[in-house]
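The chains carry the letters A, B and C, assigned in the order they are written, with residues numbered from 1 in each.
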Amino acid sequence: MFGKNVKHQDLANEVNAELNVKGRSLLRDARDRFVRNKAAMASLFIMIFIALFTIVGPYFAVWSNEEIDWNRMGDIARQGVPNLENGHFFGLDELGRDMYARVIQATTISLLVGLIGAFMALVVGTLYGTISGFVGGRVDSIMMRIVDILMAIPGTLVIILLLVVAGRSFVMLFIALGAVSWLTMARIVRGQTLALKNREFIEAARAAGVSETVIMFRHILPNLMGVVIVYASLLVPDMILAESFISFLGLGISEPYTSLGRLIAEGAGTMAYGTLWQLAFPLTFYVAIIISMFFIGDGLRDALDPKDR
Amino acid sequence: MTSKSLLGALLATTVLATPVFAADKQHPTTGEALAHDQTFTYRVLDEQSSVDPQVVEDVSGSEIVRDLFEGLMNQDADGNLIPGVATGYTTNAEKTVYTFTLRKDAKWSNGDPVTANDFVYAWRRATDPELASPYSWFMEIMSIQNVSEILAGEMPTSELGVRAVDDYTFEVTLSAALPYFAQMTTHATTFPTHQATVEKYGKEWTRPENIVSNGAYVLTEHLPNERSVRERNTMYWNNDATIVDKVVALVINDENVAFTRFQAGELDRTEIPSGQYPRLSEEMPDKVLVAPRLCSYYYNVNLTETGNPALQDVRVRQALSLALDRDIITQNVTAGGQIPAYTFTPGATAGFEVPDSEAAGMTQAERDAKAMALMAEAGYGKDNPLDLSLVYNTSEGHKKIAIAASQMWKQKLGVNVELSNQEWQVFLQTRSNAEYEVARAGWCGDYNEASTFLDLVQSGSGYNDSKYNNPEVDALLAEAKTMDDPTANYTAVEAIIERDVPIIPIYHYTINYMMDTDLGGWPVNNVEQNWYSRDLYKIAE
Amino acid sequence: MISYIIRRLLIAIPTIFILIVASWALMKVAPGGPFASERPIPPVILANLEARYGLDQPEWKQLWDYFYNIVVHFDFGPSFKFKDRDVNDIIAQGFPISLTYGFLSFLAASIVGIGLGVTAAIRHNSWVDYSAVSAGIAAQALPNFIMGPILILIFTLYLGWLPGGGWNGGQWQYLIMPVIALSTSFMGSISRIMRSSMLEVLNSNFIRTARAKGLPERTIIWRHAMKPAMLPVVSYLGPVFVAVLTGSVFVDMYFSTGGLGQAYVNSALQRDYSVLLGVTILYGTLTVTVNLITDLAYAWFDPKIRF
């Protein structure tokens, strides 16, 4: 860029100020729209409730998530029934462990998987997509070819191989899930960046001598946030679903920790043997989380993308 | 010929040749009325590795091979040796040369006679480096002359110590006397194969449309990962005594689904789903079948420097072993009628006397008290807890036992156990490289004799994953190889294992089947569970 | 248009090449080998096995031979685990099965999903709409693997209507449960996408114009609204098709269908290198092809797109 010019700098500041004011009002509009969406608001409250439950719930637990109730483990079908008196609020699992503590712990893991997995996809995908779209030209086409190629690799394979190669751990699980989910995010972000790149306010900033890096971080990225947040919120249930599939294959996290997917797979196996609570409780939490996230994602999209109204 | 027309042809001949078993027929010895439809359907967990006798390496594949092919000797319902293709055998004074006399009426399913040359061909084939049979080690432990050199590629397979004296006399020369050699000829690896067929079709010879076999059944259908079907072989020398016409093995991965299908009447046999034994033995006792097997479930303790230093202390190992409540594990965790184990070798093993174990005689409370005392002596306790890692391969069953064990150690001895499950291939590597502290293990006997277990604690054994090294044990086991009655030595070795705790025995496996009441003739007392479909029958209902 | 297709196909070749090399590398880095077992094989025998399958060669040579055999002989090598079968056999046996129930599930999911979505949109805010929406969300929110044991319990044990598993040449009785289990969650998501896109189209100006002209509602929906409303669904159907074909491992496991999904996961777990690579190539090729077809279909539905 050419040397800094006070006039240009002022103009750029003005442009920014203008944007900020406009941005805030847009955000307020969006918030109002979201609040008016009953399904989304109800879902938000359910999610908050579930999140609070994972924090407060353990204080009410009589048993830990790994303790075996030796006295009751011999006859789970009769003695493992959910019971408020003996502290097994959600009953016992097949091995005599407290389902209440386990469901709380599993919910925490599943929420973390969803949030962190989506967050990883968000960070990697946004950076990759913005750079690709903003730099453009040959870099763009090479970067997008790479995405095309990676998209042709079946996600199941990537996940299985990564978990097999690197062993199981929380971190690996997030990396594996993030590795397969950032691609679509990158594509969407790139498309948006391309559209934004030639908009008047960017031209104006450029004319004002704002450096390319600053343009990217100050002007492009903030304007992508709407789309990115919507897509990321829709990714959360996808991540949780994907984790449950990994758990089904037995490649999920290690005992004594568990996830909702794992608990459901175990509960589904034994549902014919009169221990339905082993399926019912984790499934209820799981379905509540997934459905709430659907509605929240839809609500965010409607709120942040006024064209649908 | 396509498989369909072959199937049709077979069905036609079956009907013509055996009009014997109509609805009102009775079992020749028990007198039970036989069902019209003699089809036996059972569940297998996984697709079999192969049905080639020299290649097969898994249990469900061996079950099929035992039906399709017949070796020199068979086992009866109690596991005793009875004639197969061989009517009998003689040995020389040193017991290093075995001469088998073959029956003259044995035929292949294409009508060719079964001769000693078929065995010579099969045994050479099993040791051929070019076939690279994963079970060629079995030929090696049979101690046949020159087998190690052949496997190493230093000698041609023609140098193997087997010879067809004439068409019906098969002679084996051993490099050292082996008391249980004849027992080993009931193993699938030693079954004959039809040279012309193998050479004509190459590795595709085991396809239903190509296969030629000499057992009571022929393979008529094989849909990988779904089912394999074998049907009566009319050329079999003892075909008249065969009752079951058709045997279907269905691949069902999920034990609960298999059980549902058993309840729906689609299966005659499946496994008891884990944890359901107590309930099922109450609700349908006539369908639950539990019997001892020659298998042990145990934990390896890594005794090398790569392991946990605390485990070098024998008191810690003893305490860990004592604190495991095997009764809870077998009754409440595995809950499949398993037998609590205080010795490595199962009590059901032929010629094995369970030593007077101190631990077995105590109550669990006494064991716990002793374990706590030992731990305290070793300097560990609630204020100085021992940290331990326990690794197992991914499986529901192993997971449950590991969780229970870790909780017992934690609650009684204050040990902090870190559980880690590894996927099978990773697990095997971890264990054989001794990169663990305590690891899950299981072992099934290859033959009905204690050495098939105890050889594992020999310092030179490739399967000694604990890396246990005790010259006294090695000497006792070496001596046992040539003794007429090695029982005393085996008992002594077990006593040393209990003292040194290189491994922690947990339980002895049982077969635990859900078996339809109309299925008769199951060899419950055969501890190796070598069953032959030709001994089974379906009872009319 | 033609040149576009050719260009896409040309890109597909390096894509699949990189796919093979990447899977190969990951596989080789993974601990364990195809011949490991509970009972470790003596070194001499292991050496024989490795020699037989060419694993004693240097890595580049193995990779080169692999490519050579595929390009020249269309031979994907022998299976390490199932010693009397090779990869071509395993794919030839399993893929038609996966393709059959996968394609039927795809049809069921799209037809029912689109139907539900359209119905819900037409009857916006009625009980029909609400029940269709709830059914769609419920179907999508349930983890699809629990459908397996539930269906078998109901249809095989309680009702006794259907066989609990197997393939049997693909007879209809054996197909019903796998297709229901596999298609349900996709049905849910397709119906949701279809509903919202149909609603959007129905509220657009050109539909209002058509209504104002007095065209019958049926004509408006089928002649005018359907095609533009299908756009988001079409772009979603491609990934669904790939997913029903590659994500079918739970169907194979619960219903013993003998399809490729199970063979695939098992090959990864048991390090059956050749089967894993063979199926990966197949799935990769399939993904690339389906993506291309999706893009072409998209062009047909959206006349604004030109190549």
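Convention: contacts are C-beta pairs under 8 Å (C-beta built on N, C-alpha and C of every residue); 3 or more make two chains touch, one makes a residue touch a chain.
Owing to the predicted nature of the structure, the values given are computational and were not obtained by experimental measurement.
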item: Which of A-C and B-C has more C-beta pairs touching across its chains; value: B-C
item: Innermost chain, taking as reference the mean of every protein Cα atom displayed; value: C
item: Most distant chain from chain B, judged by the mean position of its C-alpha atoms; value: A
item: Gap in Å, rounded to a whole number, between the CA centres of chain B and chain A; value: 48
item: Distance from the mean Cα position of chain C to that of chain A, given in whole angstrom; value: 24
item: Centroid spacing, where centroids are CA-atom means, of chain B and chain C in whole angstrom; value: 39
item: Multi-partner residues of chain C (at least 2 other chains); value: 30-31, 148-149, 153, 157, 269
item: Residue numbers of chain A (touch at least two other chains); value: 164, 269, 272
item: Junction residues of chain B, two or more chains touched; value: 254, 256, 260, 423, 425-426
item: Chain C-facing residues of chain A, complex; value: 145, 148-149, 151-154, 156-157, 160-162, 164-165, 237, 241, 244-245, 248-249, 261, 264-265, 268-269, 271-272, 279, 283, 286-287, 290-291, 294, 308
item: Chain C residues touching chain A - in the complex, by the definition given at the top; value: 11-12, 14-16, 18-19, 22-23, 26-27, 29-31, 137-138, 140-143, 145-146, 148-150, 153, 157, 200, 242, 246-247, 249-250, 264-265, 268-269, 276, 280, 283-284, 287-288, 291
item: Touching residues (chain side chain B, partner chain C) in the complex; value: 47, 49-52, 55, 57, 129-134, 136-137, 140, 148, 151-153, 203-207, 223-227, 250-254, 256-257, 260-261, 263-264, 266, 423-426, 428-429, 432, 442-443, 462-463
item: Of all residues in chain C, those that touch chain B in their complex; value: 30-33, 35-42, 44-45, 48-49, 51-52, 78, 81-85, 90, 93-94, 148-149, 152-153, 156-157, 160, 163-167, 252-254, 256-259, 262-263, 269-271
item: Residues on chain A engaged by chain B in the complex (per definition of touch); value: 66-68, 70, 73-77, 94-97, 163-164, 167-168, 250-251, 254-256, 266, 269-270, 272-273
